[in-house]
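Per-chain numbering from 1; labels A, B, C and D assigned in written order.
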Amino acid sequence: MDDKTFLLEKIKLEGFKYRYIETNRNSYAVCMGNDDYDIRKLGNLPGIKDVHFIDDSYVLVSRMWRTQDTVIEFPDGLTISRDELTIVAGPCSVESEEQVVETVTLLKQKGVRFMRGGVFKPRSSPYSFRGLGIDGLKFFSKHCRDNNIKVVTEVMDNSQIEKMYDYVDVFQVGARNMQNFDLLDALGKVDKPVLLKRGLSATLDELLSSAEYVFSGGNEDVILCERGVRGFDKTFRNTLDLNAIPYLKEKSHLPVFCDPSHGVGVRQYVEVMAMAAIMANADGIMLEIHSTPEKALSDGFQTLSFNEFADSVRRMRKTYNFRKSLFS
Amino acid sequence: MDDKTFLLEKIKLEGFKYRYIETNRNSYAVCMGNDDYDIRKLGNLPGIKDVHFIDDSYVLVSRMWRTQDTVIEFPDGLTISRDELTIVAGPCSVESEEQVVETVTLLKQKGVRFMRGGVFKPRSSPYSFRGLGIDGLKFFSKHCRDNNIKVVTEVMDNSQIEKMYDYVDVFQVGARNMQNFDLLDALGKVDKPVLLKRGLSATLDELLSSAEYVFSGGNEDVILCERGVRGFDKTFRNTLDLNAIPYLKEKSHLPVFCDPSHGVGVRQYVEVMAMAAIMANADGIMLEIHSTPEKALSDGFQTLSFNEFADSVRRMRKTYNFRKSLFS
Amino acid sequence: MDDKTFLLEKIKLEGFKYRYIETNRNSYAVCMGNDDYDIRKLGNLPGIKDVHFIDDSYVLVSRMWRTQDTVIEFPDGLTISRDELTIVAGPCSVESEEQVVETVTLLKQKGVRFMRGGVFKPRSSPYSFRGLGIDGLKFFSKHCRDNNIKVVTEVMDNSQIEKMYDYVDVFQVGARNMQNFDLLDALGKVDKPVLLKRGLSATLDELLSSAEYVFSGGNEDVILCERGVRGFDKTFRNTLDLNAIPYLKEKSHLPVFCDPSHGVGVRQYVEVMAMAAIMANADGIMLEIHSTPEKALSDGFQTLSFNEFADSVRRMRKTYNFRKSLFS
Amino acid sequence: MDDKTFLLEKIKLEGFKYRYIETNRNSYAVCMGNDDYDIRKLGNLPGIKDVHFIDDSYVLVSRMWRTQDTVIEFPDGLTISRDELTIVAGPCSVESEEQVVETVTLLKQKGVRFMRGGVFKPRSSPYSFRGLGIDGLKFFSKHCRDNNIKVVTEVMDNSQIEKMYDYVDVFQVGARNMQNFDLLDALGKVDKPVLLKRGLSATLDELLSSAEYVFSGGNEDVILCERGVRGFDKTFRNTLDLNAIPYLKEKSHLPVFCDPSHGVGVRQYVEVMAMAAIMANADGIMLEIHSTPEKALSDGFQTLSFNEFADSVRRMRKTYNFRKSLFS
């Protein structure tokens, strides 16, 4: 009987239910039930590296289990982590190849390594523009890769994963899909990072439980993203809940981003909320930008112009460095 | 050039965008743009039955377009409509064949023609019981059909539709999937009714726009269902928003149901809220029942026992009849 | 040492904090702390009628303490209780003597015994019409009393109580003042009933705790009123939370009213929500009515016309009787 | 006929309703109605300094009318303005003279010029500790004044204003009283600044309209304070809405503070949210501190210890200076 079989037998004998999980990085056995058990009895078994007791409603994304921060590494060595500021920028929707080219040019010039852009767009009405689909993704991806920029784009349904796979670097799950559990399961089988946005009325523990779906499905490379919740005050499109940032950073080991474009929904306040998010300890900022926001096919009112963005990048980085210096 | 080609050419010439829609019942052209147009010019074309101007954000589900109430008819002649009270009852999750048998027996005895029961369960945590899947659906369906009872069950992902199809009479879309637009599109291609639950923080117009996805996808047989929204007061699991019922009845021509089990989330208040919903003009009530609620694998605290249900059925029907008499 | 002194000494000796309360009906000692105490030791003391253990956050308004329903009796024998349907109707604001006269005439004709009407109006903007004040109250009161109709009107500040006292039968506390604790304290000293509306974002336990202020201040005659809460969906002015009705009825012994005019905020849905509230077990309905709603100085869009009201009264009473028959 | 009389006659003749307002600084005529009027016709009248058209729902607190930022000046020359960071700190409730002395000592040492402390406490339950009242205020005030520190304390009812007046430097209006319009009116007559906290479910325009009450009542010295709103997610006591800060700064000319103690409600996140608020452009931070938070009579779980506070002051000031340098 090998170590694994022996362990799983032992777990059953001790009265646990368990789920054995193999991810892109390692293997874990999540055991449930029998709260009074002295877990050291399992920790001593051959082949076991570590054993922890966790009482959050999520397990593998909990810091109670893993205290070391997750570092996401791309094949070319680029990373997303809690040790750097990641900026992701681009249009709400990919509209044309020309638009991609000019955005890529700007990002490259500013040293921004991630471009966002929707090709499958969740829209309340079936008659709204729903994105260019795979064709748009192809040229979006081509120009990004030619310039060493990573492609971040939303996947809306697990039937899209396979055809998107070759062209995507980070799969984004939108707020409306945060509890599309089949999609989360499917993304657990993918070996590319997942950026998971908080649902419109999701609690923070629900967000973490959704991240647990992806992680326990096999994919450890998950990024959490606060993007505002739905509240009673319609002054803004959403209520950006920056309380979320320090909480998610403490409760989990995953990188935590903030999307102020959706979070406040009004162009003139996007930058100031980005900087507030950075001071609240965000590891990344996701922004909508457009060469001519007033002509954008969607979300123009919350989109920064190229010039506004250029200034913002400089100030966001300064703010991040200031924050680091403040606590070092 | 046939009538249809001629019409679509004309629509383009007049400066409209359009979507040509063929449903399980009829064909429609939804034209967008050019608000000042005298629509009678289109109404006179050959092959056109009716033309209407609509300024809701939804179109085909709007009463501005169709004033006649939708009647959903099953192959055996059973109907769901605004002219009768439909009761749908069953467990949160299908747990065993025995459970299905005893529930079917009860429903038959009480003259209830629809049984609900989840076999694919959306659960916040990946480690919770997620349903018996297709195997459960098969025996669920068998016993229902043997007894002339319709199967209502949740579909969570469009990849499930095909394998579920033979065993399902009404596809339920859960609150978390109300804006899973790929699923809605796919259900538009199915020739069985769709029961669409309101999302946890969806506005009523968003619910109607989601119904528009199904309808414009080709399936006119949509049922709307209020099941409570997420609010600040945690006295109850959700805040049942009965204001929704008369609004949805007025704005659309679809049948409108209410699910008080989720809407209030506490067994002892389920019946009273069911009757309030009927007085608010609901056309159907969807309830969770279990022979021994305290042993249910999910949602036991909001589930009626068989005895409670039997009494409730009698009182719900009386209330429905009282309401009819009051306004006749 | 008299019984009372002896009791209070004993309570102190046993390690409790206490508050000794004399109301318009009786005397109570609310003891706090020492949860493990065998309360029968106090129950046997001379002069003690009853002793109960309560673990709600409110005490004297809790049904854990008093199981018998509160009946509020006016000097002329008229009552508000859980054994009858109380209808309260009138304009949002008292606008003129003529208006009062025509409203009183209608109410009398329909056998409605309570008229509402604001003379001190809480308005978001200081420049809005803020009511006719005491002068309006005087003629409002005169015509009501001439016709055996009770005056229900909002008090906004404790400085108003004394000057309003002679002209008021029921002091209404508005949603914005539900946690104006000085006002609640002051109303505890008044020997007229208090109708306490739920705050815009108050939990039900907060509403009950506010009722506890009035009761423990000395006034047992409190009516609770659900009037809708503030939610994310702006389809309606408020989200009427009918779940509140059965909860408040179970948790307390006070009469529970519903105000569908504010709760839904749109005239055409007011009646249907009134009837839903009655089926949800409300003991009273509070309605805004106006001879010409479109000319009302405030809230016209949610106000019933006299004709609409006349029909509604008939149907509300039928619904109440139906409900009673259903459970008898 | 003097200039004022002449002006008011003219205003009436031109078909406006108006309110003539004399504040502690100046006189204004707010005219309502007649939106098409060419306001220059009034601007040319003798004695008129300025005339503006405003279409916000508030007027005198709107930046459409006054573009210059409000500077609040105390008799000794100390100011609250948009040109400096104001820190207000102290216990939730004043508990003892000793506590005041040690807090004052700390504040003086750190150069903090404002101390907060409740002596009238709004509490959900009538049986909770409700503050030391005027006696507590007297020693609170004495020690502050001996040390050149301003007293910030909550007034709950207009009957308290007169007896508090001599001992208070800034009257605080709590969230539960933001729409206690009689209190706001009364504070308009006071010649000391008012710190107005946002209500639990108040929109930002409602907050500004409440400020308009104080201003139009005669008191221009109003400070706005975001302190979190009530949301669906109970991870935190409130949802701190930092979107509010840049909005209030743009829409009005008043200083805008933030209270992260209530806004997040958990000690370990208070400082980080304070700094996020400063980056969001707050002019002041209001904090709860206590020498031994775990022994505080109220709100201990959200209260900083003296040591935590000392570090925070240093970092908040650095952050404020950083922010200034970033945009200069």
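Miscellaneous remarks
Everything that follows uses one rule, which is that a residue touches a chain if its C-beta (ideal position, glycine included) is under 8 Å from a C-beta of that chain, and two chains touch if they have at least 3 such contacts.
The chain list, named the UniProt way, goes like this: A, B, C, D = 3-deoxy-7-phosphoheptulonate synthase.
As the structure is a prediction and not an experimental result, all values here were calculated from the model.
Two chain pairs are in question, A-D and B-D; the one with more C-beta pairs in contact is A-D.
Per-chain Cα centroids separate subunit B from subunit D by 49 Å. Inter-chain centre distance (subunit A to subunit D, centres taken as mean C-alpha positions): 38 Å. Within subunit B, the positions touching two or more other chains are listed as 201, 205, 230-232, 234. The touch graph of these protein chains is complete, with an edge between every pair of chains.
By the touch rule above, subunit D contacts subunit C in their complex via residues 19, 30, 32, 57-59, 122-127, 130, 156-160, 176-177, 179-183, 185, 200-201, 205-206, 209-210, 212-213, 216-217, 230.
Considering their complex, residues 201, 230-232, 234 of subunit A touch subunit C.
Remark: subunit C residues 201-205, 229, 231-236, 239-243, 245-247, 250, 263-264, 268-269, 272-273, 275-281, 315, 318-319, 322-323, 326 touch subunit B in the complex.
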